[in-house]
Each structure stands twice: as C-alpha cells, then as structure tokens.
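First comes the structure, then the notes that go with it.
Read from first to last, the chains carry the letters A, B, C and D; within each, the first residue is number 1.
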Amino acid sequence: HQHASLIVRGRDSPGIVAAVAGVLREHHANIVSLDQYSDNPQGGAFFQRTVFSLDNLRAALPEIESALRERLAREFDLEFTVRDMSVPKRVAIFASKADHCLLDLLWRHRRGQLPITVPMVISNHTDTAEEVRGFGIPFVHVPTGDGEHSEVEAEHLRLLRGNVDLVVLARYMRILSGEFLSELGVPVINIHHSFLPAFIGAAPYAKAKQRGVKLIGATAHYVTEDLDQGPIIEQDVARVTHADTVTDLQRRGADVERTVLSRAVRWHCEDRVIRHDNGTIVFT
Amino acid sequence: HQHASLIVRGRDSPGIVAAVAGVLREHHANIVSLDQYSDNPQGGAFFQRTVFSLDNLRAALPEIESALRERLAREFDLEFTVRDMSVPKRVAIFASKADHCLLDLLWRHRRGQLPITVPMVISNHTDTAEEVRGFGIPFVHVPTGDGEHSEVEAEHLRLLRGNVDLVVLARYMRILSGEFLSELGVPVINIHHSFLPAFIGAAPYAKAKQRGVKLIGATAHYVTEDLDQGPIIEQDVARVTHADTVTDLQRRGADVERTVLSRAVRWHCEDRVIRHDNGTIVFT
Amino acid sequence: HQHASLIVRGRDSPGIVAAVAGVLREHHANIVSLDQYSDNPQGGAFFQRTVFSLDNLRAALPEIESALRERLAREFDLEFTVRDMSVPKRVAIFASKADHCLLDLLWRHRRGQLPITVPMVISNHTDTAEEVRGFGIPFVHVPTGDGEHSEVEAEHLRLLRGNVDLVVLARYMRILSGEFLSELGVPVINIHHSFLPAFIGAAPYAKAKQRGVKLIGATAHYVTEDLDQGPIIEQDVARVTHADTVTDLQRRGADVERTVLSRAVRWHCEDRVIRHDNGTIVFT
Amino acid sequence: HQHASLIVRGRDSPGIVAAVAGVLREHHANIVSLDQYSDNPQGGAFFQRTVFSLDNLRAALPEIESALRERLAREFDLEFTVRDMSVPKRVAIFASKADHCLLDLLWRHRRGQLPITVPMVISNHTDTAEEVRGFGIPFVHVPTGDGEHSEVEAEHLRLLRGNVDLVVLARYMRILSGEFLSELGVPVINIHHSFLPAFIGAAPYAKAKQRGVKLIGATAHYVTEDLDQGPIIEQDVARVTHADTVTDLQRRGADVERTVLSRAVRWHCEDRVIRHDNGTIVFT
C-alpha cells in the first residue's frame, strides 16, 4: 500500500469532511489518519490533513485529484494539495562552520528517519566538507567573504532552482535577501538559537546570559524577508543556571537546536505543517 | 450553538469517515473537531472522536443517533456513543488526609476549567471537611477503620449509585474490591504516586529514594481489579537529586500528582479518553 | 539542632572558604550545606551560601556574627548576612481578581511547604476576601480605582512598613512606583505571565497567540523601577499548539505561573537567591 | 591556571570543610567550585567535590595530596582522591549495530565537549567500523557469535587492561560477567533503554507500548553483576502517545538514550559522580 497526503484549506463550512471522505471513498482509498483544525466553525479558517492509502496509488492519483478539484471547488471554495508520500522531498542544507545541526540531519537521513533526499550541502566554509561527503552527499563550497552578495545568491540559485523542494539553514550564518527567497520559490527553514521572540538578532546566548534567564531555547521557523519574524514551526528549551557560562549555554543550546530543527524538517517533509498568516498549523 | 461528542470504535475498513461525516452533513451538523486513530488501516482497531455543533442539538440528537445506528450498523460493525457535551459529568471525589489533589480539582471546577459537577466528596477522614464545604460541596465522612470492608463499600454504593458518572480517587488510600467496581458501574480514576509500572504498591517515594532514581513521577489510570495495573491515562515526572529527602520527593511529587490527575479528569470528562484492551487512546 | 544561613559575597580571592569554615569550626557549628559560585576565581564576584547547625544557635549567633565580621572584614573585603532560619519570613501577598497564584501560596503555606508567615493579603478587589480569611489570614481591601496613586501607596506603606520582610505580587495588576519601592525597603517579587524578555508589557498571552509560539512561559522576578526588567529568579514553560485559544493559553499559563511563583518565594525565603547586578545567583 | 578535582568522602563531623579549605589555602590553591552533600550532618555519610586551581599544579599536587592525607586522616577518618583535571580520562566505547549513542559520544568528543580520549571502539559487529575510523579512532572487531563467552572477555581484557579508565557500553547488547568486571578494574557505564526500574530486561519499548505508558525513558547506570540494577547516574524521558508504534518509540527513545548517556559520561569524566551504596551523588 502506498500513502498520499491531502492538505485542504479554506473557509470553514458544514460538509467539508463529508465531501473529502466521500471522494476518497468513491476511489476506494482508505483513510489512514485525519487531522483538522478550524479557528471558527462558523466560517473561520479551516485546515485538514488527511493521509490515505491505495493499492495503485500512483495510477489513481490524477483521477482522485481531478475529483477533489471538481468536488471541493463546486461546493466549497477550498484550496488543496495532494501528494504521493513515497516521493521524498529534495532538501538542500546550508551550513557554515558549526556542524551539530547539519550532522544531526544527515545522520537521521541515513537512519531513515527523514523522508528526504539530500541532493547537496552548500557551505560558505569548508570545515564540514569531508564529513558531508562521508555520508555520500555532494558538498558545494560557495564562499561569501569577498564577492558581491548578489553574485553569491546567483550561484545559489543556479545550484538550487528546479533541484530542491526545501532549503534548510542548519546554522548558516548569512542573511538571505527577499529577492533570493522569491526567486528560489521553495520554502526555507531556519534554526534560530533562541526562544523567539526573545533575543532576536545576533549573539542570543550572550544576551541570555546577560539577562540572567533560567531557560534557553531554540526556534525553527520559515524564513521570510523580515529577519527572525517568520512563522514558527517548533520551539524547545533547556534549563540553565547562573553558573553556566556563555560557552555552556552554547553547548546546551546546540542540543536543543539540533533536536528542534530535525523535528521541524521531519514535520515539514511529512506535510504536517501549514502556514497561515504569520503562524503555522502543525498536525503532529 | 451546542456541542456533542461522538465516539466511534470497531474494526477499521474504508468508508467509515465518509459514513459518519455523511450522517452529520445530512443533519446539518458542523464538525468542530475530528480525531481518529487506527492501529492498522487494514482491519485493525479503529477509534474516532468527533465533536459537532448544531443549533437545536438537544432536539435533533435522538434522530442523529438513530441515523448513526442505522448507517454504522448496516455498513460497518461499529459501536458508538453520542453525548450532549453541555451536560456536565457528575463526579464524586474520594479523599483521605492529603488535600492537594482534592483541592486542585475543586479549585479548577470552581474556575470553570472542568466540565463537571461534584455532587459529593467522600472521605474516610474528616481533615478536609471544612474546606470542601467551603466550596459549597457536600462532604460525607465514611470511616473505614473498624467496620467491615463490605459494609463500607455498601455505604459507598448507596451514596453513589445513580448519582455519579465518574469516581475519582484523589489520593484515597484504600483498595476497592472487584465486586464494588462492578456494582458501581461507572469508571473510577486513580492517581498513583509513581511512574507506573515502576514502584507499584505502597510507599513509592521511599522506594524511589532507595533506588536512587533521578526523576519521580505520577500516573493517573482507570481502576481495575488488578491493583496499579489499570489502563494509564496520563503520566508526568519531575527531576530530583540525591539531596532530596523522602519528604522532598513527596512535596515535589504532590505537584506532579495534582497536575496529572486534573488533566486525566478533564480529558475523561471531555470524552477524550477511550479504553482499549489494557491501554487508552487519548485525543488531546 | 537549629539552622542558620550565612550568605557571603564580594571579590573572590584565595582563602575565603577556609576563613568562613574556620570561624564556624571555632564555634562548633556544623556545616549542613555549602554552595558557592564565582564568576572568575581570579578576583571575580564571589557568592557563598552556607547552612550550619548548632545546639544553642540563638545564643551563639551574635558571637558568630561578630567573629565573622572580624575575620571577613580583616582579611577580605566581604559582605555577609547571617540569619536564624527557624524565624520565618513575614510575607505580604498582593492580589487582584485572579486567585491561582494567591491560593497556591496559601495552600503551600498551610501544608508547611513555605518557611513564611503571612501577616496580610492586600487586594484592590474583594473577590478573594472570603477565601483568604478561610485560611485565617487578614484580608485588607485597598481599592485603587478612584483615589490618587500616591494615596494608595501611602496606605500600603502604613500597612507594610516594619511588618513584612517580603512583598509578593501574586498577579497584582498595578504598577508600583519607584518611590514606593524605595520607601518600602524590602524586596518585592512579581510573577509575569510570559517568558521574559519575550512579550514584555500587557496581554502577553494574546501576543503569544498572535506570534504563534509553541511554548508559553512565566517568569518570577524582583520588582525594580523598570517594569518587567528586574532580576529573574525562576522561569518555566508549557507546550501549546495552534489549537489553543487565548483562553487555553491563560489556563495553561496559570499553572506555570503558580508553580514558578511558589518556587521563587520558597527559594527567596530559604535564602537561596542572591541578587547581583541585574541577575540572580540561585542555589537550589 | 590548571585545575584539580578533590573528592572527599566518609563520616560527617564538624570541621571537615575547614580542614580541606585550610590545606588548600596553605598551598595557595584557589577554590574554583565546591559542592558537598551529607545525608545526616550528625555522623551521616559525607561527600564533597572541590575543584581548585594553582599555577604550578602538576608540581604541587603530590605535596597537596600528602598534606591532605596527613590532615584528613589524622583528624577525620576520610577517604579522598585528588586528580589533575587537565589529564583526560581514557574511555573505551563498546557498541553493537546501533550507532546513535556511539556517534553522539564521538561527535561531542570531537567538538571538545567531553574531557576524554577514546583509545578504541570495540564492537561485536562491523557496521560502525568505517564511521569510527573516520573520527581517527581505532575500531576493533571482537565477534561474539560463536566463541566461548570467556574467550571473548579474555580478548576484551587484553585490549583494555591498563589502557582505559572507563568503559562505556553504547548500546552494546551483550552481558558482562562478574569476573570480567572485577578483572577489568575500572567503572563501566551502560545506557538502558527504559526508565529503570520499569521495564528491566529485554525489549523495553515493546513492553512500554504494551503497557500503554505515556512517557518513555532511558537510564545511564554503572554496570554491576546484577543486570539493570547498578547505581543510576542519569535518567530522562520523552512524551509518547497511543499513536506511536514500537518503531516510533525506538526512534524517540534513541534521542533520549544518546542525550542521557552523553551527560552521564561527561559527569563521570568531570569527577561529578560519586557511587554510594547502590546510588549516586551527582554534583552538576
């Protein structure tokens, strides 16, 4: 049996679940899991994630898609996407010098914990090259130091466009321009090393130490033009004390970062995350 | 708008969701939330919790119930229960001397955080009588020290039968007999002051101290004839160190106990918990 | 055996521990626990908390204090405070309408979990009056609505000055002036219903919902003239999802608030918290 | 400045701290941190960990050791060990097929987060050979399948004796005999994939699924002849639901296992863990 995910979104109204389930039923698909959320059953925003299975999924998918379009468009004004989940998402990972988030993703990928392929790792440093290649993954060095920002981004676009479904910034310490994001055309997930919105910007661990907080955190979010302001996918924290130095905070923080980023990437690639305004619906 | 919960369970097969949603659609009910779980989409055990709303719910409920019976019985061999959620469950709380779990429940009840009424508190001690009555709730003292166990249980049954939908043992330190449980005929939730199945039986904090564990826990579970073996509803833990005495463990544990028990009671009374074999499906 | 706490602070230099332990040894005191922290052993800021026991503590304390003054002043330029721990701190609690933090403190107090007396609860509302008096604690209503802010604070000062060692703001929704704080002369602990420094100011739960965070928090801190900027004593968080409404966040948040505030009050009253610059050293 | 750790243990009595601090003072050592614990100040078991710094530590250490022996033996009947912390502990890691605990240790080691050297990894399988050697660490394959248990252990002893200060079982799925442990003569740390003492023995995740627990855990402990009964160093848990399969539990559990084991190894190698009866004192 093969699985497909169906994401439906739009204005809530009675009968949506019946309509969706009816189409799937007619095509003999079996609903494996179903999650839905509505911020107001009387005409609010509606979101549904359905996973269904079918013997001859690949062959039947176009027909199901067409029936869904017919049905969800006629009766309801809903958007939807349906996707064969056996096709892994193609994920490019950006890294700089720190390796903890990058290696955690590659290691989980190798263990089969992430439904992805990794066509390339791009870095502005060469520190992680050997290790990345040890995983059998191409490593591309795109230095950023001296060139024009736009030239670097042009090279990134040449490498990425058409080749990836997602870009993950695994502690990549450079800002991406709005032009780049819009030309790229696929989502970008970043890990920020603080509990956003606290300590936005640079050096969050130093700021956390200075402020004397008792917990430090990490936040995985979609990248938007507004730095550190994109929709949050996942967050977590770790307890710290006055005795922890900034270096200790970085070490403890690194554990939270890699965990949070890996969760966010997995959820995104399992079609569990829906962006809505500046937030997310996460069906875990 | 009024809300009803619909719990469906049975053998999984294609079309269940469509059938349920279809019936609700036909009766103009609006699905507010829907959760489902199947341990195997090919004929495994299937569970679904649907909350729906309707203007004239109370009037329409018998008709919906009859349509569901027709539909779910004809096509599928499914059990279901449908319930008007505006009717709070009637909960009797049993306590002994410790007040932390009892007071937490009463306080949340007063704040409107629990969809329950509390027709009575029963205790084998009088320590909490004044406080309970301060909440406007009847306190019944049923001493257990000298009488026959069966006489005590007979008195409990006289008080409870027909009057309650749930019994909560809020650190009630007496064992209930299998006869009592079967004659009572409503679920009983207990809070066990350890992370079950570790430290079953008496004095778990002393055992935890002795074993040198680094976390202590609490477990809310349905009571069955097998002591400490009933289906687990919720668990949580707190971090402890070598420096914590048994008294410290009790104090820290009390915080976990009241939190875990309150969650379990709330989830049960919102129809979020389904018993299955010796486990639970919890739709949170 | 009676216990005393000794807090020592100043510039770190070799020999401090030996000096303190020597004085205690000479007076036949037994060190029960000892914690120390130095942000730099070469001349940094040094903090030490020692708990010692002695049979005739009360009688011996002045002599020990004098020996410590002699020793720590002669060899080292250190400040210290020594305190008989059997004397509970006198704590006034300020509340408004919300009762969760207030009741949690009073419950723990009654259970003997807090080394405090509560000479009075002061509120600008009467909602909690009956409940507070049920604990046998005086409730004083000081309305704030119409009067001059300075008149209200003058009444507060008349009630408090000389009568309390600590003021706890248990969700007291009014700002205290710098004049009031300086005339009061004892520490004030506040619970802020967010993970500071995120969401400073009013309505943090609404802001958290808007920002789509996945964790909400609470922060107990000392009150300074700069609102929400005082030294942090304790923080904690709870996990939330997109499905939680602002009301849900408030309910979940209330649990975190009362836990965090109770911990902060207990630690303060056990002399475990030392203020330093705008942070705290917390020996737990 | 170089650092040394001093662990003192024995029967509690007044003056120990003064004696220890006095010796260090006389040798111009600077106390960097000091933790102590006594289970009863009146003659109970006493434990102290002191870290001190000194310019010419290596040269002065024998003299300090001799002064401590003189002082702590003459006045008090105490055991102690003092150790130059700049000398990393030599740690052999045992693994089988699973790589998550092994790789986490090697990554942290490479990042400088563990004060250890890793002279060898020993495995009864070859799955991790290439990866281990990629870290520049010798990998030794000692198959266990067909040979006598005693022959395998004899080979282990030939490899280890005199060469290591600690053995870490990073999901090594074979039992060590009591003879081996006593001939080995250095501590052995194991990671057990459950929250001990729940689910001792084999297949804990399957048992956890069967029992319907809501949290799964991992336990790092010293290995003794009694399987799964040795002193616990560290534990942690992760939340799971009814929807998690045994495979999901293993994946989530793996994250907890590697975190817990890495913490335990770091604490042990920083001399933060003291065994006492069947428990541990952990100064974190």
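Quick note on the criterion: a contact is a pair of C-beta atoms (placed from the backbone, for glycine too) under 8 Å apart; a residue touches a chain by one contact, two chains touch by 3 or more.
Bear in mind the structure is a predicted one, so any value in this text is a computation, not a measurement.
Comparing contact pairs by residue number, the interface of A-C is reproduced by B-D among C-D, B-C or B-D, since over half of the pairs coincide. When the interfaces A-D and A-B are ranked by how many C-beta pairs touch across them, A-B comes first. Averaged C-alpha coordinates put the centre of chain A at 37 Å from the centre of chain B.
Inter-chain centre distance (chain B to chain D, centres taken as mean C-alpha positions): 42 Å.
Residue positions of chain D touching 2 or more other chains: 33, 37. Taken as a graph of touching chains, this assembly is fully connected, with contact between every pair of chains.
By the touch rule above, chain C contacts chain A in their complex via residues 37, 195-199, 210-215, 217, 231-237, 241-243, 278-282. For chain A in complex with chain D, the residues that touch the partner chain are 99-100, 103, 107, 111, 113, 131, 134, 243, 251, 255, 259.
Per the touch definition, chain A reaches chain B in the complex via residues 1, 12-18, 21-22, 24-25, 28-38, 41-42, 53.
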